[in-house]
Each structure stands twice: as structure tokens, then as C-alpha cells.
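Note that chain A is present in both complexes that follow, paired respectively with chain B and with chain C.
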Partner chain A sequence: MNEIKVDHVTKKYGKKVVLNDLNITLNYPSITGLIGRNGSGKTTLLNMLIGYKKPSSGVIKVFGENPFDSLFVSTNTLFVDDRMQIPNTLNLNEILIEMGRFYPNWDEQLASKLFNYFDLPPNSLHQNLSKGKKSIFNMIVGLSAYAYFTVFDEPMTGMDEAVRKDMYRALLKNYLEKPRIMIISSHHLKEVEYLLENLILLDEGSIVFDGDIEAFRNYAVGLTGKVGKLEKWAETKDLLYHERVAIDDAYVVIKNNVSQAELDLYSQKQSPVETRDLLIYLTNKRRGVIDDVFKTDEIESSK
Partner chain B sequence: MSIDPRSTEPIYVQIAYWLENEILKGTFKADEQVLSQYALADMFNINPATAAKGLTLIADEKIVYNRRGLGKFVSPNAKELIVEKRQTKRLEPLIRQITEEASYLKMSEETLIKKIKQAYKKAGEFDE
Partner chain C sequence: MMSSKQMKLSQVNEWDVIKQSTVYKLKVYNHIFYSLFIYQLIGFLFVINSTSGTGMSMGSLIINLEYKTAHALFYITLIWLIISSAQLGLKQSRSLMSGVVTNNKTHCFSNGLLILLMSVIGAVTIVLLSMTAELFLYLFNTPYSTDFSINYFLELLSAFLYLLLAGNLAYFITNLVMRLKLIAYLFLFILFISSLIPEISPITYFYYFLFKEMNIFLFIIKISLLIVLLFIGSLAITRQMEVER
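Entry: the complex of A and B
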């Protein structure tokens, strides 16, 4: 009952399938990274988890309840993003007071300490803040509410490097104080990787990876070897990427499900694959590579 | 020492390694409590589940033991276990690597040993 469950959930807009048959479990407590490119369906998924939208089919349970139209879920969840609805008739200080009335676990002291630390103007209106300051304010709300389920969707938009670093540190400290369910959605895996326990990678509405962050780091292996020998063999495996290096050497990336002996037999060097690169390989399959765009001559001549 | 997120070694392995070093140095003595997953997470700025994995790793090797509800404590024979494990699993492969490289470079045994002696002296100073 403490967890969040997504059971065979599909979301369509008209005929377009935006999310295709997703199954996800988020345990209490945990921090999960939701990573995907623009248009992968991240925000749609988050909107459904938080109860802003309904799935076309399938079932979502947040702490045992359907989040859509549930007051219980809405007082215990918080969605931090740059489209947060903040009234413009109240100044920042008044908004914080109102937030404290709505969220049962609101920590007034934390809110005002963060507010001072990040030097926000208490009498200003939200709409008059810079992009970075808006994000800072939204984060302060997200952390101080201590909602049992908190979603951060690209929460650091517009913040400078130093502030981002502080804010990630604040997020971790905040979690350690009261561990709960958090999702951090971002384009920048590298920036949040160390904070995460789990990772969900979405691509074109489907889950490409769902598991332990450490398992993701070991998901693939990079191999260097002689073109003839390595390439042919790699094609019989789960090949994620390949390129020619030097004259007769090749570099390939395959799924890490092959015995060490076999790796030694077909490659000369094995290396770990950076998570940043792995993300690209796993979400590039149907897109090809940028070089393909410039290949018009070849395509025409082969016709 | 700090955690290197770019290292090929998983963060939880680095945590286990750090804890082992602290036990060897005597920061945590036999039957004393080691840091909790939350204290480690705070200290190294990582997810507490990752820190917990590091603790589990050395618990599985009996370097620390569990006291229900209290946390993890250093085993009386922890130092011996660490030394034994690290000599075979860590030090010996490193020695092989160094000697291999030295022989590629046609470095004499004498020069290599001299360099090792110098480095050993420095490591001793560093430890103080």
C-alpha cells in the first residue's frame, strides 16, 4: 500500500500512442531517475502519476489509491516543475504560508531558511522572478512540503552551476531527513546519477530500461578489436553501437551478457561504457545517426 | 579519500573500500559501530541505498556484523580478513601490472625496486 504501481498503462492522444503498456513499481522509500529525450513521454507519465491526467487503459495506484481526483493523493504528492500553478495575487511570503496550510508535513522553518539562503525577495510576485529564481522558489516548496511522493521535473532549469549543486545537496539532505518516494526527471543523467537508487529510461513511449542504477552502469561493454573478427561476431550479439577506428580496428558496444572468455576471444580491449553514451545508444536505434541526414548522395546513387 | 563518480568501480564498492581503509587505520575498532547508511550517504553525497550496498558487501565478507536494530559493528578479526582479501585480490594483480609495464619499457629490476621504495616511503608519510 505504501508504494506506487503502474499496471499495463497506455496513454493515447487521439490515435497516437504516447505511452505503451508501462509496468512500473516504485518502492517506499526510494529516489528514481526518469530519463528520456524530448517527446519520450516522461511528462505525460508524471502527469498521470500525480493525478493530472487519466490513462487510456491500465491502472495506476499511488499509496493504494487512484491518483485522479483523489484528495488524499493530492495532499500527499507534489509536482515541482516550471509550470507550477503559483497565484500572482500573493507575494512569495504569502504563498509559503498558504502552502503550509495545504501540505500536512510542511516545514515552515526549512522553507524560511532556504528562502534566506538563496536570497529570494519575500515581497515579490512569482511572475516577476527570473527563470532561475522561479526554479529556486519551486524547489523550496518541493522540499519543504515533505510530501510522501514528490516529483521533480527538470527542477533546476535556469539555475547557475553553483546553485544547482547546492540544490542537489539540499535535495539529498532533505531525503535523508525523511526518506520518501521521489522521482527526478531530467535530460542530464550525469548530474543526478549519484543521487539515484533506480533508473527508468523511456524512449518513444516505451520503457527501455528499468532497474538499479548500478545495473545500468554495467548494462553494456565497449570492445575494441580487429574489424573482420569483432564486427561479424558482434552482429550476432545485442549490438548497440559500432564504429570503425583507425584502419582495421572497430569499436563496438554490446549488451553485457556475454562470458568473459568469449569477450577475450573476439576483442583485444574491453572498457566500461559511459552512462551518457549508453543513453544515446539506447535511444538512437530508430533515429539513426546525424551523419545519415547528410548521406543524400549515396542514397540517390544507390537507387 | 573521496568517491570518484567517474571511476569504473561502482560507488558502493568504493564505499566498502573506504570503510575497509578506515578499519585498517583504526578509525573503527573491533566491536565498534561503523557509520550507518544515512551517515555515509550524507558524507559522500550519495543515495543511502548505494551506501547500504557498500555496507552489505563487507557484511557478506564478515568484516562487519549486524546487531539487530543497532547497525553494523566491526568484527574482531576484521583487519586480518581485509588484509588477506586485498593482498590476493587487489595488491597482487597491481604488482603484475606494474612489472609487466616495467618489462615492456625495459626498465631494470633494480630501477623498478628503487622507484617502489621511494613510493612506499611517500605512502607511509601520507598515511600519518
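Entry: the complex of A and C
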């Protein structure tokens, strides 16, 4: 009843498949990171979870209900992003008052404290704020509403480093105060990683990884060893990345489903893979690497 | 640890959300009401500065009748209401509500309430300005006689019903064009073609059905029925609408 379930959901725009046969479960309470490159389908998925869009096929249940056009789901959810619709005829203070009338768990005191801390001008219009200040205001709304299901889609856009740090801390404290279902969608895994309990990695509309963040950290292993021996063996495994690091040395990244004895046999050094790099390796599999773009030119210029 | 902090899912009453949304929209769309002031000021100036007239002659006797009417006030308020109601039917209007608790049904009902309120305010201000114009002409001892209705209640009622009908029609057509473009264009095309032959034109039927009705009670029933049908139509069109942001 209190969870969110996505069952074989596909979303198409015309003939273009934006999301392909997704299966996801979000339990209460949890903070899940929805990570993916541009155009991976993150926002489309969030739009369907929040009830703005309908899936082309499959079933979505949010708190046991179809979220599309559901007033019950709307009451218990909030979507914070840089396209959040804030009227330009009300000033910031008036908007906070209005939000308080709509959201049953609205914490006026918290909104006011955050508003003062981040030094927002109460009489300004949202449209007159800088990009960073707009994001701060949207975050204040997201945190103060204490919606049972809160979605933050790239919430820190335009914020400077110090504010981002404060805001992530505020988000974590807010969650610990009242644990609920939160999704944080971002391109920057490194930045949000320490907040997350679970991670969903989307690439070109499909799920590449769905599990807890610790499992993602241990998903792959980096190996350094002799070119011939290591590369040949790695090709028989789930190879995610490889490069030559010296004349006869290679560095490979493979899925961490190999015994320690085998790793010791074929590599000289084993190292953990940074989650940020792993994200790139997993989503580059289909695209290749940027060097591939220049390969033809190099061949032609050498002719 | 969790039990003390356990959050509960909130239930809301649909009618409460409709009321909240209406109040919210009244604040968000406050410019609509400011524009009414401008529109009616123009209408008022029309009323006191323009004359309508008719003339006839019998032999050497020529009679010219010139009079002032409050029609300009009504028409200009009608234009205001049509524009404002159409604005509520735009996709941007629905997107704007995505920031707060809402769904298509509560959005449509709160728009309906807003159109109702605009019609009341429009009708009341028409009557009040008509009275003001009458007083104005009396004080300045204008030589023209006026035809302002003595029965202000009937004037108020008919103005309100016509405004409400026009507002709902504008809201319905905007929704139709926004969501069912093909059907909307087909509908308007058929309407245009049929209007070339007045005998079979739906506009002619509509005109006789409504505007030629002499019985006030039948008129109220007919116009109310049309308003309800248009609103149900708008509700049906917007029911499956996705939110564009």
C-alpha cells in the first residue's frame, strides 16, 4: 500500500521508445537516486510516477493507486525541479502561504527558517530571482511540504558550491526528521551518493542497475596487468572498460562476479572503481568512447 | 525509531481542493479583474459618448430618434469574459496548477467556479455602470432620452446568464482546440459551411432556440441546460489530459 511499483512500463512518443519495459519498486522509507545521462528517460519516468503522464503500456501503482490524475497521489507527492510552476503574480512570501494551504504536512516554521537562512527576498517575484535562488526557493518548498513522496529532479541547478553543500545537508536532516519516499534525480552521482540508500541507473530508457548503493560501489573491479594475459581473459568476462596504461600494461574494468583466485591469477593489481567512473563505463557501453569519434580522421590523415 | 516518526498518507476532500484551487486562481489570475476595470471604463465612455438612432419620414415630416444604450458595456464585458475564460482553458493554466495539489477534475471545477464568479462580477458591474451612466446623463442634462431598463433584476439576470454561457462556450472551445484539434477544426469547418445556408445552419437553430424565447422561465431553463452541457463537455475533454510542463 505504501510503496511505489512500476510493472513492465513502456513509454513511447510516436514510434520513439523513451522507456522500455521498466520494473521498479520503491519502499517506504527510502532515498533513491535516479541517475542517468541526458535523454536517458529520467524525467519521463518521474513524470509518470507523479501522475503527470500515462505509460504507453504497463502498470504504475503509487500507494496502491494509478497515479495518473489521482488527487490522492497529488496530495501526497511533490515534484521539485527547475520547471516547477510558480506563479509570477504572487511574491515568494505569498507563494509559501499558498503552499501551506495545499500541503497537509506543510511546516511553516521550517519554511520560514530556511527562507531567512538562505536570505531570500520575501517580496520578490520568482521570475526575478537568479537561477540559483530559484532552485533554493523550490528546494524550500520541497523540504517544507513534507510530502510522503518527494521527487527532486536536478534540484541544485545554478546553486553555488557552498549552498549546494548546505542544501544537501538540509535534505538529509529533513529526511531523517520524517523519513519518507524520496527520489533524487541527477547527472552528478558523486554529489548525491552519500545521501542515497538505493540507486537506479537508467540508460537509453532501460535500467542498467537497480539496487542498493553499496552493491553499486562493489559492482565492478579495476584490474591492472600484462596486456596479452589480462586483456584476453577480460574479454571472456563482463568487460566494461579497458585501456593501455603502458607499452605492455593494461587497465580493465570488469563486473565483480569473478573469484578472488582468478583475479589474482590474471592481474597484478586490483582496485575499486569510482562510482562516477563506473557510471560512465556502464552508460558508454553502447556509445563507445570519445576517442572512437576521431579514429576515422586519424586513419585518413595518416594515409 | 521509525514508529515515532512514521508518516501517514493524507486524505483530502475533493470539494476542499476545488475551493482551495479557486481561491488560489483568484490570486494568481488577479490581472483578469484589473483588466475588467479597463474594459468597462472603455465601455462606459462608449455609452456616454455614442448614440444609436433610427429615422423615418412621412411626407415632409422627418423623425429622427436618437438614444443611448448600455449595450456597449455588455458587449465589451462579454469580450473580456470570453478572453479570460479561454485563457483558463489553455495548457499553461493546467501546468500552473501542477505546483499544487490538483487533478484534472478539480482543475476544471475550479475553472468553472471562476467563470461563474467572473460572470457575476461582470453582470453586477454592467448594471451598476448602466445606473451610473444614467445618473451621469441626467446630471449633465443631456437632451437624449435613455432606454436603460427599469427592471434591473431582469437585466442583471440576463446579463449574468449570457456571460456565463459565453464563458463556458469559450472554455469548451479552447479545451477542444487544445486537446482534440482535429475534431475542433472539423466542428468549426462544419459550422462555417452550414452557416452559408441559413436555413440549415445550427447557428440559426441556436438563435431561435435561445434568443427568440419570450418566456423567461423557459429561457432560464434552456440557457442553464446549455451551460451545464458545455461544462460537462469541458470536463470530459480534460479528464485524460496529461500535464505539459
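Here is the rule we go by: the second predicted complex is superposed on the first by the 296 of 303 C-alpha atoms of A that agree within 3 Å, B and C clash if a C-alpha of one lies under 4 Å from a C-alpha of the other, contacts with A are read in each partner's own complex, and residues count from 1 in each chain.
Basically, a residue touches a chain if its C-beta (ideal position, glycine included) is under 8 Å from a C-beta of that chain, and two chains touch if they have at least 3 such contacts.
A quick note: this is a predicted structure, and the numbers were derived from the prediction, not measured.
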Clash or fit (per the criteria above) of chain B with chain C on chain A: fit
For chain A as apex, the angle formed with chain B and chain C - C-alpha centres, to the nearest 10 degrees: 140
Contacts of A:241 with chain B and chain C, given as first, second, both or neither: neither
Partner chain in contact with A:179 - chain B first, chain C second, else both or neither: both
Partner chain in contact with A:104 - chain B first, chain C second, else both or neither: second
Which of chain B and chain C A:71 touches, first, second, both or neither: second
Touched partner set for A:152, first chain B, second chain C, both or neither: neither
Which superposed partner A:219 touches (first chain B, second chain C, both, neither): neither
Which superposed partner A:193 touches (first chain B, second chain C, both, neither): first
First, second, both or neither for A:94, with chain B first and chain C second: second
Touched partner set for A:83, first chain B, second chain C, both or neither: second
Partner touching more residues of chain A, whether chain B or chain C: C
Overlay on chain A, chain C to chain B nearest C-alpha distance, Å: 8
On chain A, positions contacted by chain B and by chain C: 179
Interfacial residue positions of chain A with respect to chain B in the complex: 30-31, 169, 172-173, 175-176, 179, 193-197, 213-214, 217-218, 271-272
Chain B residues within the chain A interface of the complex: 3, 5, 8, 10-12, 38, 41-42, 45-50, 53
Footprint of chain C on chain A - complex, ascending: 2, 29, 47, 51-54, 63, 69-72, 74-76, 79, 83-87, 89-90, 94, 98-99, 101-105, 146, 148, 177-180
Touching residues on chain C, where the partner in the complex is chain A: 2, 5, 7, 9-12, 14, 17, 20, 23-24, 27-31, 95-106, 239-240, 242-243, 245
